Amino acid sequence: MVTVSEEKKGRSLLLLFAGVREMGISVFIVFLIAAVSLRSPYFLTVDNLVYILIDIAILTIVAIGETLVILTRSIDLSVASTLALSGMIVGMTISKHQGIPPAVAVLMGLAIGAVLGSVNGLLVAKGRIPPIIATLGTLSIYRGLVFAISGGAWVDAHEMPRPFVYLSKNTTLGIPNLVLFAIIVAIIFYYFLNHTRTGREIYAVGSNPSAARVVGIRVDRILFLVYLLSGTLAGMAGVLWISRYASAQSDTASGFELQAIAATVVGGVNIFGGSGTLPGVVLGSLLMGIIVNALNLIRISPFWKLAVQGFIILLAVVSDALLSRRLQQAGASEGAS
Amino acid sequence: MSDMSENLLELKGISKSFPGVQALDNVDFDLRPGEVHALVGENGAGKSTLVKVITGVHQPDAGEIRFQGQPVTFPNPLVAQQHGVAAIYQEPTLFPDLSVGENIFIGHQPVRPMTRRMDWKRLYERAGELLNALGVKLDPRTRVRGLSVAQQQMVEIAKALSLNARILIMDEPTSALTLRDVEDLFRITRRLREAGTAIVFISHRLEEAFELADRITVLRDGHYVGTRPVPSTTTDEVIQMMVGRTLDTLFPKEEVEIGEVMLRVEGLTKEGLFHDVSFELRRGEILGLAGLVGARRTDVARAIFGISPADSGSIWVDSRQVRISNPQEALALGIVYVPEDRQQQGLVLPMDITQNITLPILREFARRGGWLDNSAERETAQEFAERLDVRAAGLWQKVQQLSGGNQQKVVLAKWLAARPHILILDEPTRGIDVGTKAAVHELMSKLAGQGMSILMISSELPEILGMSDRIVVMYEGRVTAHFTRQEATQEKIMAAATGQPFSNS
Amino acid sequence: MTVKARAVPSPSILSGLLLRWEWLLVVLLGIACMVNASLSPYFLDVHNLFDMTFHFMERSLIALPMAFIIISGNIDLSVASNLGMSTIIMAASYKAGLNIWLAMLLGLAAGAVGGLINGLLVARVRLPSLVVTLGTYALYRGVAFVILGDLVVTGFPSSFTAIGQGYVGHTPIPVPLVIFAFFAVLFGLLLHRTAFGRLVYAVGNNETACRFSGVAVDRIRIILFTLSGLMSALAGVVLSARFGSARPNIALGFELDVITAVVLGGVDINGGQGTMPGVVLALFLIGVVRYGMSLKNVPGQIQNTLIGMLLIVAILLPQFLRRLASRSRA
Amino acid sequence: MKSKLFVSLLLVIVILAACAPPTVAPPAEKPAAKAGFKIAMVVKNLGNPFFEAAQKGCNEAAAEYGDECIFQGPATPTAEGQIEIIDALIAQKVDVIAITANDPDALVPVCKKAMDAGIKVVTWDSAVAPAGRQIFVNQADMEQIGRIEVQMLAEMIGYKGQIAILSAAATMANQNTWIEWMKEELKDPKYKDMELVTTVYGDDLREKSYNEALGLFKSYPDLKGIISPTTVGIAATARALTDEGLCGKIALTGLGLPSEMAEYIKSGCCKAMALWNPIDLGYMTTVVSHLMASGEITGKPGETFKAGKLGERTIVDDGAGGGMVLLGPPFQFNAENIDQWKDVY
């Protein structure tokens, strides 16, 4: 008879399982918060926590796009370049046409990101170029385009219309706009990933691509879609970025792609696709934000920051792997009976 | 039989070729509602290709498909699905990261009418109903990763039911199942037949085809050989159709002299997997390790081979106690393990025959500074490929281009080239055709005659009974019985394998 | 062996030869040389051509083990950071009074240890290499900053700087080129002619089957990452010798250049395929293209764009040709 | 396989050989005796506002003297990239290379190579180490810049409280020198109530500088002032102050571009800052380059020359035995004069 021998036990264990990816990082974050609070009482103030949220807003948006891609066993290395290019085009446009309302600027960013993302999507889904190569290529190409269209010039604070600069600074209902953007994106994509067919198909494609084909999922379309969305989110992040830092340059956000991937991976998304949750990714970004914030607060030497950052990322990943493996082993032995 | 309107599905003159292979050549096949139609043939006969044509995975080069008398084309699996075609494959094609319920409804999940939002509640309710209808106790919210193969098959069947399948194709569904699971599967299959579903049943176990099917169609080398109604044909006739000749015996085990103890396992235990496993294996002996799938026989074998070593207990080779913590050490002691999963664990598919055969013993061909002596390597590969009668265009051929039987021969050649004293075979004839099966059995017999000690894991009772000198039975990680060749019977083994009390006279 | 004629066509010799990746690279290299020569009168000059190689020998030295790692189905993002760490350890110990050659050995050892740590995390803890080396990418660079901060080490003896700046005797052949040639041949032989190389391919194609065949997969992985660390450190020696100085930000961003070259060289990013000659050709191709653009004073950003396009076009081209070929056949 | 390896390696050699015919082909273009020099200006990286302004000066002077201004720089501010560019410039046989260095020491070998090839090496803004240069066009006296910034900040905060420095990368020579002089100036007893709590590095990246500035606000709640001796850093810090509503609470000064800083100077976030005119700097560098190429000056201390629109200048000793030209004292910007400069550079 096909049964799960001890159904109840099995289920409670599996529930634990389902939560475990977020659990590991949550424990880690709590531990980190406790440790930092001891060193700096200022850390646990509302003021500072809001600041951390503002700080990770853009990272979270980009990391969510990256998550969609990684879930399908792919990777998008071009997000930072997409962000920069979108930011530059929008920046140049609004500096020439001061009347453009911020909302339109954001939409422009979305559109530009969508175009750039769909180029990646075509290269991967239609051109059948391995994702890491295709986006390694567009990483350089988009970055070069930023320089080419701007001619090396820059857009700075006084060239931007006031409403635009205040877009990232203002609050709505007491919530900073940047945080609000991130929350909206997170909610939309949480819904998308968990409550739409297409969202589930993204998991399916990453979980077992050949089976996905057999059940009639258009794998190419899904691949195209995730790149499109990743690009779109990066494009939007580009607009928020130039609003926040009040400047668009050719080296905007260089190296940001690795941060986004790190946040995703630390958030428990399997780099080999198929598993990972949106709350996990948000927590991953949060952990990254907390690390940076905490390092500043405990007044660590600037020369130690990078090393500590790297060490904590490794520690988070290693402990998460060991923890989930132990639980998996426990699960296997339970299921064996 | 020839009444067109009676046929739900009709294939006429189907041909399909792949680069270098004519997989199907002018094949006919028809299917009526409420029948089980068995499709049999040796490996490489074209069964799987035919299935993939029906399910829309492959498009035929020539021929015609009629559905309810109307010509149709299935350009992709989706269209076939819409016509009510569902398939269960030998290897379940599920999504390990998704839940059971989601797997059942993937591609046609229930959504709320207006919002197109996934209706999780309904999904799990209906999944639960489907599983209940199948008599399967499985929580639809469980993740598929970690389910047994049998459980996964049931999920596949539930998936087919969820599609209201009118045609259900079962491609070797039983090859990974235990007898008990097979009975369950048959019970469910019959129930589906009664409900009017047309079922295509593919199996290499003829007795199953005879037990279940109404008609049997035989393919050979991509050609259609014939169709026979079950009551009026015999196993012999079908075997003849399959191989084009009669087979004398499947299990040619010779009596050989049994020598001293070569391998002794004492109290081997691995937490959560197996407990206190003890047995000994003598020179020239074939020791059958019987049990149901999930009895943890493979885990014991892996522990002996050092892939995942045991927590406690001792292993003695040649009356010396040894520690085996990885396969390299096992290899050095003359122990080799032929895994059940050839493609994943046995072969490096994109590499050629030579490179696969010499993989474990590559160091033997390394000259000064690690320099590889290619001609010596080729000679060895040639020798063992010939000994095993590997059929290929040349040693340079990539293993992925070989048939399943030939792939198994390459795996065996690889391990024989390592000149082992102790050979562990895990389901050595699973999923391979009758001809190769006989060849494998003959080879085992010969090797034992030459003094090799063989530990054979098999879920096929006739194979266990026919080949083993002694039999050890496991149930849920424990050894439950030892039998000699003389005292073993199908019933006794089954009793021990299902954990039932028995009297060992 | 029974060679049963089962209508399996042996791979067409013509198409096999024509579609070999290395030939494509040879053609591209030829085109690049011709374009450069026609665009700039300074390109065709023995001294310039040899001097051109100075700029990518360090990357090339790292690309050799990177090819091994990618063929074995992994990736190492930490190479440039490891280079930074090992170079700074070397420089700092030299500054502290250690003999330069001993310091160099110390640096090489440090690089090897950095690689070893990657290898252990990948092989023993079973973490994806991308994740591990993303972490050590930050960690190793960080260690370099911890050690040296905003300081610089200069004043290396000329016998040391000759490693990076010198020429062989009175020829125009740079020392780094010779070092690279030596290691390229060594790694080429290792990959294509030895048991170890064969196992690297096997592991890249099917790790599980290798484990089940008694191949010491973990040891191979650890050796490869250690080798990668060692070669990164060696590249650091050459680079700091060329600079005559060492700072913690040395070789920032090299990793993506190296991976680009290896992939352009025809190494399958999913592992199991690739050749050393292909990688060497790709390194020279990128070197020549970059040098040509520098001679025409093409801005740095635009150079990167063109290299990115080269990568994508080079990968797309054979596929495109294959599709054309199969279409015409059909 | 063996032959494949061989053939491929052989091909590399053949192609290299084919590329390089035995006869040294290129016609060695002799530079014209008087005018039409090729002056290559190599900057830290392209796309940096400060250097784009310097390019204007370069073009202006080149037009005046009938020279060609080649403006080049790597995509990211690395020594590797600059070396590659300089080597290509040597191969092109330019007449002068004028460099602002990402790494003063790493560039020495390639600069020496340039000088060996008969190319004049001028350095400006961020100098190459003395061994690798023939003359240094100094925007302003290092000591003066360092001291002035401390003085300006001290004025703003009333000689009292914690202060911090937000610099560019830790490897930048000019910033490091200025910071040394700032520390020197702080030793004066009149600053006894001012405490330099930390120096952080924004790597001349907008977002990193911004975050470092925020980090300063958080980790030093009593912070009274920030000096940012880099144009990227000061603009990012001003933006951070504005966002956090800390303008007026934390004073800011340093080196900034009027165009970028106009907004903040007018808002009072940064009451005053200093900078030399980057256009003039580019102009001066180009003029010096031209005169070096034509042999009118050799770079020895004591020589005098007329620097076009900027007037007479004298080469002074750089303290390391070489020659140095000073652009002039840094110009201080404040709310009164910012409007006339904000559209210039």
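Note that the chains take the letters A, B, C and D in the order they are written out, and that residue 1 is the start of every chain.
In this text, a contact is a pair of C-beta atoms (placed from the backbone, for glycine too) under 8 Å apart; a residue touches a chain by one contact, two chains touch by 3 or more.
Remember, it's a predicted structure, so these values are computed and weren't measured experimentally.
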Could you find the chain whose CA centre sits the greatest distance from that of subunit D?
-> B
For subunit A and subunit D, let me know how many angstrom lie between their CA-based centres, rounded off.
-> 36
Would you kindly tell me how far, in whole Å, the mean C-alpha position of subunit B lies from that of subunit A?
-> 42
Rounded Å distance, subunit B centre to subunit D centre (Cα mean) = 71
Of all residues in subunit D, which are in touch with two or more distinct other chains?
-> 45-47, 75-76, 170, 201
Which subunit C residues reach two or more other chains?
-> 145, 149-150, 193, 248, 299, 301, 303-304
Which pairs of chains touch each other?
-> A-B, A-C, A-D, B-C, C-D
Which positions of subunit A touch subunit D when the two form their complex?
-> 40, 42, 48, 51, 55, 143-144, 147, 150, 152-154, 156-158, 169, 241, 244-247, 249-254, 292-293, 295-299, 302-303
Along subunit C, where are the residues that touch subunit A in the complex?
-> 77, 121, 125-128, 130-132, 134-143, 145-146, 149-150, 248, 256, 259-260, 263, 268-270, 299, 301-309, 311-312, 315-316, 319
Counting only contacts in the complex, subunit A reaches subunit B at residues 1-4, 7, 10-11, 14, 17-18, 191, 194-197, 199-201, 203-204, 206-208, 210-217, 274-275, 329-337
Spell out the part of subunit C that touches subunit D in their complex, as residue ranges.
-> 22, 26, 29-30, 33, 36-37, 40-46, 48-49, 51-52, 54-55, 145, 149-150, 152, 154, 161, 164-165, 184-185, 188-189, 192-193, 239, 242-245, 247-253, 275-278, 280-281, 284, 288, 290-291, 294-295, 297, 299-301, 303-304
Could you pull out which subunit D residues touch subunit C in their complex?
-> 1-2, 4-5, 7-9, 11-12, 15-16, 18-21, 24-27, 29, 45-47, 70, 72-76, 78-81, 83-85, 87-88, 90-93, 103-109, 129, 169-171, 176, 201
